[in-house]
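Next come two complexes, and both contain chain A; in the first it sits with chain B, in the second with chain C.
Moving on to the complex of A and B:
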């Protein structure tokens, strides 16, 4: 049973991830009083792009073509260490949270390098913004995962006192039970808040970036992929959907502490959580404006402070 | 200034014609001193243009607006191949002198910033500006460059990501900070002013209606007011009321669209979605009057082409109520959202002294606290009988420009309501007699972007010897460049939208 569920997580992500942008867009359309695009629009877009051929600028090199492939490959690899709630990932090992963070770093690195390869000033600007903001987003993510690993450690201290301080993601998420929320609710709330902010930043959502804008001077992520086309762009869209899935799963795993032991129920609860988070992202995009770019580092530092505060609280034995 | 020099000046009011032959042709020095003196006393340059009078001679015309006296002062002087530039002592002349140089090849000596305005071949051949040199390649000019390792240049346009008109923007940036922005236009140049020569003809009104498509009523009314002044035609009050209603509907529609677009640029969806729809509702009200959403065919020389019966007036009342209700909700949502206000406040601020010096007009000037509104300063048409309070704000930033728009929408709605209820029973169109020979007339309108200035001179046969159009965008494009200094480049789209200037109105 366990084996089946963990193996099913991967195809579930593959199939369901492009549904998330659809859910966000439909939520925004609802708030705007519009009908909105079809829920499956991202699938249609990807299918359409795959049938097209790519156009390459003469100024680009192999780096530009390698970017989307490597990014997609890295995101897919990351899925294999991603626990979905209490249901463990197919692979887990001590310190795999750092592996996950760096796989996402690889995605970013190759997106940025491919953008710089075009020589366009817009893409250079977007790349510079992306790198600047990720410097702040990455520690916030790692610190909040560390805070959660620490509470896991404290609650299990009586049972296994010799356990190392660092655990795998799957172990961390397996211990985020109702009981953990009851005992360390504040810590988990702070960590969830930090992850939520990182989710918005890493997936270029409002208030950090505006995924629907056509104004190249204000873009962060979108401007870096302007020159990609055809199957390359399909890979970028698909990788972006999978990345959104990863972050939604990380957040939903904290916010839905259903660890009944019935994997079907546990995983189902987290899946529902993932889509509710997509709805939440859509709500945020509907009710607030985007931050001035100068203010984004402050928001991301705020996420870092949340995570740090969570660690301080848990170390004080709260 | 001696008494004898000033005594033979002829002042005009808005929409009034005068005999050209009675206007003294001044010496260049006196011409320039007079302009400087008048500007020191609060006048503005509404138009400054050249009119060729002989092979090597061009007559320079300046139309100065004395807003406080509601009077216009036309001045003229003759010049040869070059003349000392006015710009170093009078910055608001800089764009006009560039234009004169480009059109007629007169060299304004000492002009600090002599660049092409529209990249067209000169209208006549001169030694410094030979016509056989061919049409200059558009957009090719020496752009201002900031040197340095850390400075980077960003070029945007003329092809943009959105469905907008073409224009080229060249930023000199230090990181995200804009040190300098230079705007290069001219891609939409059609030569409307030249087509108007020896007019008016059958196409003239259509050229005017499409000078800037979103200002159809503004430009068409300015043109018709001009024809009526030059021919001595009086139009009925009912026609004036209908022109006023159409002008204010145009203002409401465009301001609504702009407020929505400002919300869209900061990613605030609700106001964007509502305003986009409500703008359509307002355009449809213009369509109720004349059958065209932009008011094409409504304003005609001698009056208007369509009347409003009482049933239509009732319908407009109802539609106006609905628009006011929805718009109040949509716009107040904007003011109440702190994340939106954080973006609007402090972005792209202009100082009132710069607005004065550079001669900006319209909501841009009013957002800096300047009470500059043709409807109030130089009232023409129905605005001679009904006053609309001037809407101002003091901070000069995106917030102020958005707020001025909202105030103007509310006051325009009140105006339209009053006018719908008080229309005298008259014919709406009078026959227009031929234009009188050797006359000059100036026609000003407060379009939704600001002051629209049309100047016409007639020849001995009563045909146009010169026709000059100054769209508010001609003044205000420089305001955008100025507002961007030391701003974030990511705020450019927002600032740009807060001015929302016309490309084709500038390029003519």
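Moving on to the complex of A and C:
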């Protein structure tokens, strides 16, 4: 049974991920009193783009064409170490959180390089901001995951010399029960807060970035993919949906501590959690304005401070 | 043992032969390059054997130097360092033969090859010497030969200044080493390394002092902040294949020195680990920040060496902490990460310096802002530079990720132990920030130099470099991939090295490593998944686009059809958000002529990020020393009679002293 669920997680992500932008958009439409686009709009977009040809700038080289391919491949690989709630990932090993974070780094590196390949000033500007914010987002993500790995473990372990306190993502998430929330709720809340901020920043969401417009000089992520078209752009949209899925699953795993042992119930709860987070993102986008660019580093530093505080609390014994 | 001596002799002999052919540049070039490759290959054999068998080999010969003896030994640690010390210079020599050909007739190539071979031989001797006198002599020859290599283009004032800075810095470092060795020989009759054992170091205070002296003395060579100031001056000034060897290998002899001294000092104190971790955090973050603010491609790479030395120091810091607190897993994995990063950095930094050299060779330009669009003119160089850039950012599936992953693991696994938590948090935060900043820096360097449109006419004339130069870079690129996908095998092979460094007898090093092997196996498997996924997607994309005739057009720029290369984002503007955010550390100097009026004619912005330590620490100190010495100027009158008097007085004084 466990094996089956584990293997089903990846197809589930493949199929369900493009639903997340749809949920967010419908939530925003509801707040604006509009009908909104169909829930399945992202699927239609991807299907249409796959049927189209492409236009390439004469300035570009193979780097521009490789960008979407490598980004999507890296996101797919990241799915292999991603636990969904208490159900383990196909690959789980000590330190897989670092592997996950660095695979997302690969996505960023190649998106930025592909953007620079066009020689366009807009895309250069977006790329520049993307790398700036990642410098602050990456420590926040890793520290909050590290804090969660230490919960409950730190006290019980009488530090045997050969024993490592450090775990895989799947083990960390398996231990995030109701009990863990009761005992170290503050730490989990701080870590979840940090992950939530990183989620918004890494997936180009308000209040960091605005996914709805392409050309305002304030944009970050959308502006980097201006020149992509056809199947390349389909891959970019799909990779973005999967990346959003990864972050929603990381956050939902903390916020839905249902670990009953019944895999259907547990996984079902996390899936509901994932889509509720998407609704939450939609709500934030509806009720908040974009921050000024100069404020974004402060928000991300805030996430880092949350994560740091979480670790300090664990190490000091809550 | 005889093989390594043969290697050193071959190196020196080919250097001398090359010097003799100084008038005929072609012959000097061929002899120098061929001799280096031959010598290095001969020398690599005993190193590989020592690593494979784990057995140390020694040679002891009498040597009529006071306190000295010709004692050399290849143990696992020496063998591990011999791999980059002999491997990279051999590859760089193949490259250098073509690279230097551009200077034939203008420069004495024989002399350049002479110092190059001497540098390689002396570096090999440094890592196998087992006597302090022999070690210091090799160390000094290494410093001097590299000084002459830096001063290759001595007609430029900047080069002479860089050489001078390097010479002063390296000798200040050596002075600390001299004091350190004197302290080590305190109770010993001989200066043989065998006698510097933990037994003689029972006084804790003196071993702490020896450690600090080693960190300053060897750290100056390695480029620890704040002793790094010579590095961003000297590395850009040297010819590119020499930069690759200096940055990739020579500074690592400093790391070797620290590790060798640690084996003499026995059980370390925890604060040693904290010192190394602190140095690692400072060097790592500030190194990459200063790299980000540079406009000169080679200077940028030089600052990145400071960053990578910082990462290595983080690994060593974790290792020392693990030993001090009896956490063998922490110790073994920390040292494994640090040591593997030594090898990895040699490979990708070598590759990047050779790539930068190729750009310089073709365009004559080191200023990033004046380059651009080289990917279409130099596709192989561009692709390999991209590979090196991905590797140095520590991204999977290449080699940089493996060593950084091990250091992360050491930090995370040690978090629970008292005394490690704070440094563990510092290491994780620093590595994550360094990762983000390095990605910013190398997307900037690669993106602005190789992508987009050419910014100047010099760039438009560039062509792909010769086959020999491409071959050298390709071998290094292959190394990045191979180590990246074969992590478990590489780590298993390092077991004897780690046994030598930790000196563990009561713990099983293999068992400590076992915890890191399983993750590395998974990472290798995931790398295969990644490559397979990329392969499938490439095929899918090609299949979808076949028969659809993708159209070509200009880059979309808001409706402007004829955009010029000058509207592209520049390297400075790309880095500006980050350099602005960390402006407090960088203290960038700006000259602005703003754009004014309704019909502005011209504006100008010039930024220059000098080193804060040079400006705020060393310059005031050296100014003070100079002022003090000027006060003694009255002694120097310039009259011969007066000097004869000084000599006579000194002799008289010594005579009286002796009769006392």
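We adopt the following convention: the second predicted complex is superposed on the first by the 304 of 318 C-alpha atoms of A that agree within 3 Å, B and C clash if a C-alpha of one lies under 4 Å from a C-alpha of the other, contacts with A are read in each partner's own complex, and residues count from 1 in each chain.
By our rule, contacts are C-beta pairs under 8 Å (C-beta built on N, C-alpha and C of every residue); 3 or more make two chains touch, one makes a residue touch a chain.
Here the structure is a predicted model, which is why all the values come from computation and not from measurement.
Enquirer: With the two complexes superposed on chain A, say which partner A:206 touches: chain B (first), chain C (second), both, or neither.
Expert: The first partner, chain B, only.
Enquirer: Which partner does A:93 reach: the first (chain B), the second (chain C), both, or neither?
Expert: A:93 contacts chain C only, not chain B.
Enquirer: Touch test for A:181: chain B only (first), chain C only (second), both, or neither?
Expert: neither
Enquirer: In the superposed arrangement, does A:292 touch chain B (first), chain C (second), both or neither?
Expert: Only chain B; A:292 stays clear of chain C.
Enquirer: Thinking of the overlay built on chain A, is A:28 touched by chain B (first), by chain C (second), by both, or by neither?
Expert: In the superposition, A:28 touches chain B alone.
Enquirer: For A:119, is the partner it touches chain B (first), chain C (second), both, or none of the two (neither)?
Expert: It touches chain C, and chain B stays clear.
Enquirer: So which positions on chain A get touched by both chain B and chain C?
Expert: 121-122, 124-125, 129, 215
Enquirer: What residues on chain C touch chain A, complex-wise?
Expert: 326-329, 372-373, 375-376, 379, 382, 386, 390, 393-396, 401, 405, 408-409, 412-413, 415-417, 421, 425, 428-429, 432-433, 435-437, 439-440, 442-444, 446-448, 451-453, 507, 511-512, 515-516, 518-519, 522-523, 525-526, 529-531, 533-534, 537-538, 540-541, 544-545, 548-558, 565, 567-569, 573-578, 581
Enquirer: Which residues, counting only chain B, touch chain A once they are in their complex?
Expert: It is residues 152-156, 161-162, 176, 263, 265-270, 272-274, 337, 339-340, 342-343, 347, 488-493 of chain B that touch chain A.
Enquirer: In the complex formed with chain B, which residues of chain A make contact?
Expert: 28, 31-34, 121-122, 124-125, 129, 206-207, 210, 212-218, 285-295
Enquirer: Note which residues of chain A are touching chain C in the complex, please.
Expert: Contact set of chain A toward chain C: 50, 52-61, 63, 65, 69-70, 72-74, 76-77, 80-81, 91, 93-96, 98-99, 101-103, 105-106, 108-109, 112-113, 116-125, 127-129, 131-132, 134-139, 141-143, 146, 149-150, 153-154, 157, 159, 161-166, 215, 226-227, 230-232, 235, 297, 304, 308, 311, 315.
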